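Labels A, B and C are assigned to the chains in the order they are written; within every chain, residues are numbered from 1.
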Amino acid sequence: MTINQTEPHVSLDELLSRRKPGHSLEGPFYTSDQLAETDLREIFGRHWIFVGTTAEIREPGDYFTVTVGPWSVIVLRDDEDEVRALHNVCRHRGARVLTEPRGSVGNIVCGYHKWTYGTDGALLHAESQPADFDPSCLGLRQVHVRDLAGLVFVCLADEPPADFDEVAQVVTPYLEPHQLHRTKVAAQLDIIEQGNWKLVMENNRECYHCDEHPELIASFFPIFAYSEEDLTPRLRPVLERYQKANVALQEECRLRRLPMEVREEVDTRPTGFRVERMPLDRSGESFGEDARALCRKLLGDFTTPRLGDLSLHLQPNSWFHFLADHAVTFSVIPLSAGQTRLRTTWLVHEDAVEGIDYEVDALTAVWRATNEQDGALVARTQAGVSSPAYEGGPYSPTENQVEAFVSWYLQRLRATMA
Amino acid sequence: MTINQTEPHVSLDELLSRRKPGHSLEGPFYTSDQLAETDLREIFGRHWIFVGTTAEIREPGDYFTVTVGPWSVIVLRDDEDEVRALHNVCRHRGARVLTEPRGSVGNIVCGYHKWTYGTDGALLHAESQPADFDPSCLGLRQVHVRDLAGLVFVCLADEPPADFDEVAQVVTPYLEPHQLHRTKVAAQLDIIEQGNWKLVMENNRECYHCDEHPELIASFFPIFAYSEEDLTPRLRPVLERYQKANVALQEECRLRRLPMEVREEVDTRPTGFRVERMPLDRSGESFGEDARALCRKLLGDFTTPRLGDLSLHLQPNSWFHFLADHAVTFSVIPLSAGQTRLRTTWLVHEDAVEGIDYEVDALTAVWRATNEQDGALVARTQAGVSSPAYEGGPYSPTENQVEAFVSWYLQRLRATMA
Amino acid sequence: MTINQTEPHVSLDELLSRRKPGHSLEGPFYTSDQLAETDLREIFGRHWIFVGTTAEIREPGDYFTVTVGPWSVIVLRDDEDEVRALHNVCRHRGARVLTEPRGSVGNIVCGYHKWTYGTDGALLHAESQPADFDPSCLGLRQVHVRDLAGLVFVCLADEPPADFDEVAQVVTPYLEPHQLHRTKVAAQLDIIEQGNWKLVMENNRECYHCDEHPELIASFFPIFAYSEEDLTPRLRPVLERYQKANVALQEECRLRRLPMEVREEVDTRPTGFRVERMPLDRSGESFGEDARALCRKLLGDFTTPRLGDLSLHLQPNSWFHFLADHAVTFSVIPLSAGQTRLRTTWLVHEDAVEGIDYEVDALTAVWRATNEQDGALVARTQAGVSSPAYEGGPYSPTENQVEAFVSWYLQRLRATMA
């Protein structure tokens, strides 16, 4: 039972207008069923959502289905080799057309009354129809889709945010060298976190809690977004290692013409993003105990594994790590006010051979552990903010990316409600 | 999480007024919690609901309890040998009086404070009461009940639809020869389907999907409600077999004075119905691989097993198949917007002996399989119509009974809301 | 699915104004989600709630956490040896600070970002903060708490009912001789009952149903709150035994200066209560088959086990039995409209040794059985009152304490809503 002791019926307008900058959001943003629906409709229903990679649909007819709240979308490669997204709803009586999470089809056939659609969504055949039946207006409804250097985004709105292509232009030079189109899925893992999707995102946007991630900080510098004066004495030696590693990475990137500087437009546009290539600790190659490469076959045409971590955030629901040897993608989908699905996908070069070039257990170990730790933190936060005694507290300066995420979120709610 | 992207707060009035005839209903009819309550209150709370058979309560004191939404009703045979229905709510502090699904009682005793009622519902005894305590106005509340040739219907409203007896008059001559009062329950099975109750009913009202039922169409002609011009070439030979079998059945019925012609008043009265005796394929006797009788002891005084399938539909929640050798009844009860209980009951002659005259597995095989297949179809439809991208699509002419069901439903909502 | 057939939107005001005295409450009081929230906010959020005993927090730093609806409260003994209650919500981003049900701490450290609080709740340390960070206003929020002779009550409101200390003054002389501060927890058991919290309380407030409790009435006179004229012939010999035992207990109490007369102010004040020392049947010492003491080491400085049962009720959520050899406490917390947690705690003298002075199984047997029986009665009542056919029925005179409970409840709702 959730309840707001003093304000059973506070409105979203009121909540938005009294938000205290630099402080965590009030409880209803995380616990209200009504606000969870608003988030689905206004945030997930109107923005570009990261849902998967082209590595999952490599041949014409390959598809995966993705559920976003009440929507089900078929993402597939059509017969023209284009990535396409279709509403997974039969135009006859509404049956879900494809019920498997992934597969490969010639045509798309509904299992109820055998209405048959092409991979472009057009209705090809429906039995027992009258003479005036017009299949041309009964194709599967199209969903906006973008392939950003191998990352697949959909937008469920009729009119998607227009700035996606601008963002793609900025981000593509960072991603292209990793050549995701030539990767395959080494592993994919869904976990259900017991917390609001915004807590999952906020948790990802700071490393103030990174002491809880011993596996991750073996290679990941936990100084992400720290300014020098915020550092505790304990972290000063880490900063020195970071700065040294950064100089080396800068030299490497200069030689290979890899962009690495921060580009950050998180809360100043609908398709907010942040991209940066950062050094890794120790061997500096990949995630793992000694930070050595986890896949012998490198991505793209890379000739060195020491290219650090290309980190990408996209509003509202994704983050990514692109390394020389593999890439990891994270897609966040709300299931209810208090439950969120996190899908993690590990990509390796399409020619990498399991057991020879990489081991799935070793490849996935750090983020499996980190996800689990984060899930526990998210759950305890969800439990806490559900109390009527909770009030927003002050972010530390090291949590500036959390503030950026929240600021974007509030702006978008205000904009779509205006 | 369900959500209607474009119309979070569409009213029932609006939904009713914009319904497009010949098209499937809009999503909220299947997914809205509020509309599920409306259905319970206006459809299940005000119409005659099929709940069971007299074969389940053969001796005075025999009872079964039935749950319809929040209501619990005791259906029993009273000491006067009459079928009676009582609210299963103690008049003291409201405890559920009988907690078992079926049984036999002398008096009806509440297990909380031992208030004791007769089988007619009258309060016979309550301990520790003051001198002015008047038991006469504290009997179990009565529920309207009808025994239609062995089929038990209840109506939870104070004033039930007045046309039940007219319908009974039409239907009884069809049912009487099967003599359900001389049957017993061979098997009963409850399944929970993951869809709105209307999807369960709609699915039953067409055979456009019958290719999904290989076991059923071994004996059941899948041309139910098809007109000749709707038939696909594939079905033409089936139609020829059907017509031939029909002629033979007509002759059989003429000899035995069994009515068989269609009587259909589905959406023109509160107690909508459709009744028809139809031939069966192959041996033409019963459901099953070769359509041979599944119970050696025939119902009533029948002397031949080749009497086809007497099919009866009743609005809002039931359908029936009466064969020469057995009968199957189906009762549909909503559990929530997205869940429905289907109770299937197989009846055989009261003198039939299990293991000699019939085997339960063989008797029930076809409808166990068919129910399961239908359950999967209903579930995929519920999933699909939950999408904000769903819009009602056109019924095929072969789905005219679906349209009749939907038309009845909408008329009844309009009538009760007027 | 719950539904009120005739009144889908009845208001609380309307329900309050038409309540029929001496009759059980209408259905929505037990089934409405909205009313369950009202109960949480107005009853559990504004009154003194029994949550545990000082026997559970004997040393500084010892704590237990208690969940009341959306609230989580840390009850602990602070470094000054005082009982203290704190909201279990970090002042940073709202994480639940302590996630275990009980334990012992030096400081209270949040597991998310290591914010560190003293046992008095003051924020002692938070890493990476700006120069102007002021920890003094970021301590854990305090909850009102009282230690009533070893029983711990909290009040979640800013301004708790002012009459608690008056009640404590009346009740303390009854409790003190049992010296709960010198007890320890022998056993504790949580059960989830499938009914509204008020049904759990109402069930406890009468012995009209005590025939369902064979284990309990081996020692407990089932004539609690009966007047002589209400007694059925069957109970007359019990009354005679009771009266004889009462005379003996009066003599015992006079000698030892133990108060035993009824003090009852249930529905005449916010902190309603009833206290009375009553004799026990048979050996008259404790609960159990022959009513002999279940713990050899008696509580406090008692020298005889024949001190009957000191029975205490407190509104809204507790009851207690204090015997010469042990004490049992009962704390009732709503989980939802239809689910309630009952926590039962058995206390024995701190020096009693398990296996020598007492056996846990024997000590707890009667109330384990009684709780389970009551849980079944509550569940069948919840099921029954959910029916739209339910209407409040008349209490028997023997249910006068149920009426007192209900009367208190309605008065408090009216008062807090005024």
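Rule of thumb we're sticking to: a contact is a pair of C-beta atoms (placed from the backbone, for glycine too) under 8 Å apart; a residue touches a chain by one contact, two chains touch by 3 or more.
Note that the coordinates shown come from a computational prediction; the quantities given were computed from them, not determined experimentally.
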Query = Moving only between chains that touch, what is the shortest number of steps from chain B to chain C?
reply = 1
Query = What angle, rounded to the nearest 5°, describes the rotation that places the Cα atoms of chain A on chain B?
reply = 120
Request  = Calculate how many whole Å lie between the centre of chain A and the centre of chain C, each centre taken as the average of the chain's C-alpha atoms.
outcome  = 48
Remark   = Listed in rising order, chain C residues that touch 2 or more other chains are none
Key: In the complex with chain A, residue positions of chain C that touch it   = 36-37, 40-41, 45, 69-72, 87-97, 99, 111-114, 126-130, 133, 138, 141, 156, 334-336
Remark   = Note: in the complex, chain B contacts chain A through residues 1-3, 5, 8, 24, 27, 31, 202, 208-209, 211-212, 226, 230-232, 377, 380-381, 383-390, 392-398
